[in-house]
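Two complexes, one shared chain (subunit A), two partners (subunit B, subunit C).
This part shows the complex of A and B:
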């Protein structure tokens, strides 16, 4: 399948986002959670809409609208998003009110906004975009499935088109507490050490964020190309390396052309073997970019990874702490990249990306 | 009645999350929908929930609701006449 191209990005994450503030200062976790740094939402969302939106809605709509603004595209041909949980704040509020008011006298707003496609709807209303509009809720593959759908749609489009593709998930106190009871989060976290140096115990860091991308089937102004996407459920540990190599061959690449890995290592000893298995099928000198120590673990953390990769490909220098295995030289720009991320050993995602073709920017 | 209107305005501001607005910014007789506060149909549902939760008033007829929710004054008048608590 032909590649699709990322032309613009926007993100709200636990790290600083823009210009000289990119990743500076680096934000580390406190009490096992990395919370998103929220921007001034009024720059992208009208006040009368903003008042009704919960935190997740604000983050998602802001990021989507900001990505559109940066791209200069007023109305995308399609809007595709992925989320693991949607707006948890609204879901929790609605469920609590169901109980408190005994299923009577319920506010409609939390219910409306707890639906997964509320952010897509809000962006579509604000931009008057009446084209393809889809939200995927496939747990740890939600974002990657959205990318795949965008690739399919753009592949079949006869003329240049632009799709707004994004993801969002939030960490509420309630959700954090519930998941901590079943061992999701690292109990012995020492935030003075990188997360991957603490992979000898179960649990990881909680995180949240939103990331949006403008995808096109035209390479004009491209930052990166997405060549292949593969999602799978419960891939056996022994098959991970083979699956990656098969995907590379199917794309017409050779494994030795891969010059960088992006891995979702999260410090959980139960999740580490999959990443180790993939690493073992590539040279042990390849630079490896990590991301969950910067954004935390959540179903759509792959959005943050892709956003961070785009910053690198766009000429920004990533902090040393971002690298799991550092490249030689500050000016390192990879050409062919393999991204592998899995969520709790269940949802496995492989994406092949490239630096933008010469002369497209 | 004056105390009720101030309380009601406060409840409207909180319920509809009208950020930066104070009770004195809402005119008793200004329309809540359209040109006045600019509220919409979802807000009308929120206001009906507000009346039910705080005053025990249940509005069953949508047409009746439209006149009750016309302004703070019409809401206060209806509450005075029909409140359960």
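This part shows the complex of A and C:
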């Protein structure tokens, strides 16, 4: 398929983004959790609507609307979102109220807001966008498959079109508790140490956030190109490297052209072997961008990774702490990037990205 | 051309496509009080319940009695039937996508175990259901059971979810991204959805009456339905017979209200028009519409108005809501509707709109009340409209017209 281009981005994440330098000061996890820094939502959401929205709705709608504002596009041609959990707060609330009130006199609001497509519906409503509208809820591939569908849609569009594509997930204390019972989180976490120094035990950091992207089939004003997206289920450890190389060849690239990796390493010894297997099929000098020590592990953490990559490609300097393996020299700008992120060894995502061609910005 | 080479379904009407067809042709009424769903409303509300317990469903699949959500079990039953026309030895050389849809995933079981999940307990039956909290769980378990290894995803756009699965599958085939796409959806009855719709005052406590002036809401149903979409080339290579074609699809957002459609039917109209345009058809080609027809005041007014605006009030195609048979099966309903369209095309009949008595005052068209046999259906529209304004229409067609 033809590449698609990212022209604008917006994110809400656990890290600061408004200072002179990105991610300054760096936020570390507290009790194994990285919580999103919530913005002033009123800049993007009318007060009347804001009052009716729960936290996840606010975060998602804000980020989507902010991305639209930055791109100067009032009404996107399509809206596609991915989420692992949707508004978990509302789901939890409605489940509990069902038993508390014994199925009587229930307030329907949390039921409505718990629907996974509530955010793309709300953005469509706010922008009167009547075009393509879609929601993917495929756990650790929810975001990447949203990108894939956008590429599929834009591939067949004869005219330049603009799709708003994004993702969101929240970490609630209940969800944290429930998933702790099946060993999701790192028990012996010492947040004064970098996560990479604690990769010898099971468990990871919990995280959350929202990220939205304006995608187009036209490269005018592009920050980055997305050339290929592959989502797969239960890829065997021994096949990871080959899968990446096959995707690169099929895209018409050569493996030696890849000059940077973005990897979803998360400090969990059970998840690490997949990333190591991928690294082994590329030179051990390639810079590697990590991101889960900054945003935590969640189903759509890839949105934060892609957002951070776009900041780098757009000329921002990332702090040393962002890198899993630092590049040499300050002015490093990659040309061809391989992104690999998997969720608990089940959902495996590969994305090929490029720095936007010279002259498109 | 996207062909349909396999179908399978389970609803309150029957455990297979053949049983569902037979029940429609017999105008069988199956909506009733729930026995399996544990709800305080069980004596006052009617639903479309599959009359098999989780243990019975699991046993028939040679699965253990615990660990699988009811949504997964229903999905596995329907998918097993669907895959009869795609045996394992024919799968290996093909690029196969599995596109599932659900609105609340494993909530059917999570809602029974949630208090344990959030209690201090670290051991118990709930552990094996923890991952069923999300929508991908049923998809992944179904892929595991049938060893489906290709592209896989889950869609959740409320009541249009499985119709969206079908349009994605069709586009993947048309773009050469897949040879075969197995598309559909599953939803089990839950207290979560029953009480959610009830709190919205969208539930009729009596059997539902779509497109009737005195309609008073929906009855919830449960079920699962899957279709095999396939490129003509792939079907030919393995000698697979086409049941029908998926000729077109429309996906739009109404952008009107979080849960209610517009009374003027603008959103539904746009979606049906887009589906016809993608299919390259004039409206005259449509002989039957399997309406979304939930029997809520809002939907039937909006959809009825849209059908009238598109087709007029004279020579409009037959239309009916088969939710009066099955109840509203939520994420499964789009695929259920698509399969019923296939059956209508193959069997030259118009499914009846049960319990219709009084025409709606606002519109000048009425649904087909009685079963009509010996009525050729060249093309059929299947409508699915959801919360969030997520609307989808599909065009299904007679395979002989597209060759």
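In the analysis below, the second predicted complex is superposed on the first by the 358 of 361 C-alpha atoms of A that agree within 3 Å, B and C clash if a C-alpha of one lies under 4 Å from a C-alpha of the other, contacts with A are read in each partner's own complex, and residues count from 1 in each chain.
Everything that follows uses one rule, which is that contacts are C-beta pairs under 8 Å (C-beta built on N, C-alpha and C of every residue); 3 or more make two chains touch, one makes a residue touch a chain.
Note that the coordinates shown come from a computational prediction; the quantities given were computed from them, not determined experimentally.
Aligning the two structures on subunit A places subunit B and subunit C next to each other without any clash. In the superposition on chain A, contact of A:51 is made with subunit B only, not with subunit C. Of the two partner chains placed by superposition, A:187 touches none, neither subunit B nor subunit C. Set against each other, subunit B and subunit C differ in how many residues of subunit A they touch, and the higher count belongs to C. In the overlay built on the shared chain, the residue A:220 is in contact with neither subunit B nor subunit C. Of the two partner chains placed around the shared chain by superposition, subunit B and subunit C are both touched by A:108.
If you stand at the C-alpha centre of subunit A, subunit B and subunit C are 60 degrees apart, rounded to the nearest 10. Aligning both complexes on chain A leaves subunit B and subunit C separated at their closest CA atoms by 7 Å.
Residues 106-108, 112 of subunit A lie at the contact with subunit B in one complex and at the contact with subunit C in the other. Residue ranges on subunit A touching subunit B, taken from their complex, read 47-48, 50-52, 101, 105-109, 112.
Residues of subunit B that touch subunit A in their complex: 16-19, 38, 42, 45-46, 49, 52-53. The part of subunit A that touches subunit C in the complex is made up of residues 1, 79, 84-86, 94-96, 98-99, 102-104, 106-108, 111-112, 115-118, 120-122, 124-125, 127-139, 141-142, 145, 149, 152-153, 155-156, 174-175, 177-179, 181-182, 231-234, 299, 346-347. Of all residues in subunit C, those touching subunit A in their complex are 39-41, 102-103, 105, 107, 110-111, 114-115, 117-118, 122, 127, 130-131, 133-137, 139-140, 143, 149, 151-158, 164, 168, 171-172, 174-175, 177, 191-192, 195-196, 198-200, 251-259, 267, 270, 386-390.
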